[in-house]
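These are the structures in question, set out in turn.
Two complexes are shown next, each including chain A; its partner changes from chain B in the first to chain C in the second.
So, the complex of A and B:
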């Protein structure tokens, strides 16, 4: 047994800060019952993952936590046994869905009965979970809890603005029909050849003034509807994984969504390959995309 | 890419002033991604020289806002001739490790949660350093409020200002406001107190003149010996630490009394003193200023505190600007930098968008706003809290105000007020 003095970090914390554990946990991605630190713009918070969203795996349902027992408020829970080897506080009433892109540091798993007790806000389910109490300086504790709640709500709003999933289905039945109709009109109304139609549809060749007039009469605009790219879900989901958090953290693409750009670049790269689309190829495409985005800055 | 050039030309370990010198004197180097501090903490299972060196630098840059804490270090027995590095390292150790007195000896009882969080959340030395400022600042705020004579006295006076009500009408006598505080090329607001109904502008009187006005009121001040006696007893108090819950319990310390309590139809002596000083001020004063006026005639109440005879301004004596807006809430934890929501529609928040809670939440916020001392309203972002938590907060505030621990009656009364308030909201 490895004895330690109280002013040393516990063995459990050594285990979860082990580089091998961290690498493996980040590659595996988040799962229910795990403790993480979420980070965004140097603001960091502990949390426990209750579940990954069934409909959108880019969203995790979480419960905010703190490693400072003095911050507890009466509606929280004090957890004696945690993956850090020191007591923590959880606030089931502040449970909220947030995007997994803010998850930064994986810190091990809670025991299943402890997860149940926290998730159901039911301290009776595990004897290592207790109802918290308001400390003497309860105003400061509530101030911290409210600031924490506000930050998690901010992350929730980021989750609401993720690029939509199922783009391929939407586009097959949506805009691409319009483009099909426009291409048909180029043939029917203007009688253009396939080569000319391709130049106009895909390569930016402009209609002449008289052609534009004819198309207008037939109810079409002078330029073809924009081709919308459909990024497959697997790329949109893969780009949100915490494994890219550090690499993408400081990247700024003039306000554009860095992860959407990553998914787009990786999907485009892989579409051009003939060597197969297995997991290793997808991973390679993402790494290459990150490199090219870094240099493109 | 690791910045190899910077590493070969600059090796802090070789520097006579050690690791801390890196960020004192080295040019700002880009983040090379190495986390040597993290490795050190893992190897030693506690903060080592690199960690303390870096945190010492942060502590030195933050402690300028807390002269009382500087004085606390300076008056310790074995600190003669110590320089800034030692002071920074002393406070860095305090930041990392919690201590308690045990058989008159200081004993480490655990690592501080804020330090653990900083260690776990950082990925590089650079990030560790950048992220250390806020927790160190918060740590100093708490240390100041709990462990300095001035901080404790300040908390007592604040509580009196909040609680003091008129003998005739029962209305509060003092009001907490934000007063404009202008310095050359800069204008800010400070948190200040004034007599309800009197002008809110910052006072133009000097602290000396106000102390004279206060001296006209009869107050049985504690004697110097009484104050020292309380200090001695306080120093011998043990902290209780529960490793299971991680809670530190401080025994209630003995207190000296300031002035006699009020009898029927009469204000307490301290309240009368506060009223005399703030009336003479003909304007508003910050809490620190009020306490400093008290210290002019009774310096032994906070012997380590240097009274600045000037009223609080945005400039230090040496002309440097106070850059942190938290200075007005001196000694109190202020959560800063609420994230801005990009879309105003989203600012409504998650819980408010849950239809169930909205009306109840509004009613609870109304009740809390009415109960909460005004200066605490800045601290708590009530709109971020769900109804369940607001209810806990409302009950706690009531219990403390009524000085009762039996919650049932309080809960019942709160529920009926809530029903009433929600009914009005609906109509």
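So, the complex of A and C:
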């Protein structure tokens, strides 16, 4: 087998596989015109982001791509100038919105004019974007394209089931008589101090078995009445960012609700509360939440 | 326009004012300490809560059942990795309630330089942080104040309420109504220049007022004295790009927007801004923008006031 020397690898590819680039791009989050590898349950695909959804930043409008020109079909485009420094195939007819949670590896940016040509499905010879052709074995190629389309559709379905945004709009400021009565009982029945009562009511501290028994005798449950909860949009959006992809994979937690759990933990369950208002404060809370979820495993 | 959160803002303000009453009852010298020398708070509140200044805030050694409050001052690009204040409540008599306020490297350097001076002047944010944390202490240890926290029907508002009341408590403690009225004769019809001048003069108000309050806190506090529909805002010029960024808009009713986009009126006013105050009649009212003030790191600050007609 001939081994490729580093000199034969396109410089563009070396640039976008550089760990520093990868770290920065993942931290910055996805944006229009970027090439990514999407991954979910060990299935991977190349794609170009056309746009991030205006109403829901957790969704990216993408066009599937491949780095194997042999897979081209006549409804695709062949792109000569790519961030990988090698030709790729794009299928604008398979454009679809998918959740950004499946984005795994950022691989650089296309030139804006190339993005335009791909997005509009219009060959542009000046930009070295031309119409693809059917290969000799076009049945295999179409079967591959069809499988690719099904995978992207599967990801689209995941995007359709993300928790709704704007949950907070349904919550209004008010007092709960039930919670008030329970807090009073913690004082009257158990003789707890204000700081102890607050820890139980608002910070998840649990009653001991004997305390729970006393409360039960007095006609109260062992946990306080649940307060209304609506995860703020900034936490729901932050939880979907590709930057947590690896950490959640490493935790080996299954289920669609891992990100929802992460958002909830960061927003409400952290022992630590921050009074910051910017993205850095939210990210700080997520780092703490991941740490806390890891320890809770 | 009716503020949908008006009831919330009113409740936060009421809670903060009850906190001040309680602080005065517990320590009659509280108000004087806040105005003249908040460093006395650590001494005077020693029997209630331990207030310490530390190099770094580390939570790894906390007991499992402890919960802590990390604060930043809401004014810097901070995160949980840049903690400034921390309140650790005690759940039993074997432990004490603790407030820790973090030094920053520069503050430590400055303090060493001042060791030989008669008076020490700490940073503005440090005073705000101490009082914010004292706010947590009061809300969580006083029966009545804690009852309000425990009765709130949603987790979202519970967190916001406690934090908001702490910030409001700090603001009202450092800039009490009486102090504002005494030192701001223009409170009935102030402009952005008056707010900027107040901030500047408050920095050099003689030896009695050791305490200093940040530009952010001063700007926010002035919003309390505007009629409904008015706001104050703090903004800074973004390099030489000819653009500015709004840090926050504080509304007369108590609401606050962090990092909002510039309105067209604000942007137009900024284009004319320079060494003197500029003003502009807008649909909503008279908008004024202070002359630029250069702060730490060469940041060029502007204060904006919108006074409705």
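Keep this in mind: the second predicted complex is superposed on the first by the 213 of 297 C-alpha atoms of A that agree within 3 Å, B and C clash if a C-alpha of one lies under 4 Å from a C-alpha of the other, contacts with A are read in each partner's own complex, and residues count from 1 in each chain.
Keep this in mind: a residue touches a chain if its C-beta (ideal position, glycine included) is under 8 Å from a C-beta of that chain, and two chains touch if they have at least 3 such contacts.
Just so you know, these numbers come straight off a predicted model, no measurement behind them.
Enquirer: Could you tell me if A:78 is touching chain B, chain C, both of them or neither one (first, second, both, neither)?
Expert: first
Enquirer: Once the shared chain is lined up, is A:151 touching chain B (first), chain C (second), both, or neither of them?
Expert: The answer is first: A:151 touches chain B but not chain C.
Enquirer: Between chain B and chain C, point out the one touching more chain A residues.
Expert: On the superposition, B touches more of the residues of chain A.
Enquirer: In the superposed arrangement, does A:189 touch chain B (first), chain C (second), both or neither?
Expert: In the superposition, A:189 contacts neither chain B nor chain C.
Enquirer: Would you sort A:202 into first (chain B), second (chain C), both or neither based on which partner it touches?
Expert: The second partner, chain C, only.
Enquirer: Pick one for A:179: touches chain B only (first), chain C only (second), both, or neither.
Expert: second
Enquirer: Output check: A:44 vs chain B and chain C. Expected answer is one of first, second, both, neither. What do you get?
Expert: After superposing on A, A:44 lies in contact with chain B but is clear of chain C.
Enquirer: Kindly classify A:285 by the partners it touches after superposition: chain B alone (first), chain C alone (second), both, or neither?
Expert: second
Enquirer: Let me check the overlay on chain A: which residues of chain A are in contact with chain B and also with chain C?
Expert: No residue sits in both footprints.
Enquirer: Name, in rising order, each residue of chain C that touches chain A in their complex.
Expert: Residue positions touching the partner: 5, 7-8, 11, 59, 62, 65-74, 77-82, 89-91, 97, 132, 140-143, 145-147, 149-159, 161, 163, 166-167, 258-259.
Enquirer: Which positions of chain B touch chain A when the two form their complex?
Expert: That would be residues 38, 41-42, 45-46, 97-98, 108-111, 113-114, 116-117, 120-121, 123, 127, 130-131, 243-248, 332-335, 337-339, 341-343, 346, 349-351, 376, 379-382, 384-386, 388-389, 392-393, 396, 400 of chain B.
Enquirer: Mind listing the chain A positions that touch chain C in their complex?
Expert: 168, 171-176, 179-180, 183-184, 187, 193-199, 201-203, 205, 227-230, 232, 268, 271-278, 280-281, 283-285, 287-288
Enquirer: Tell me, which parts of chain A touch chain B in their complex?
Expert: Contacts found on chain A: 4-9, 13-14, 17, 37, 39, 41-44, 46, 66-70, 73-75, 78, 80, 84, 86-88, 91, 93-94, 96, 104-105, 107, 130, 134-135, 138-140, 142-147, 149-154, 156-157, 160-161, 246.
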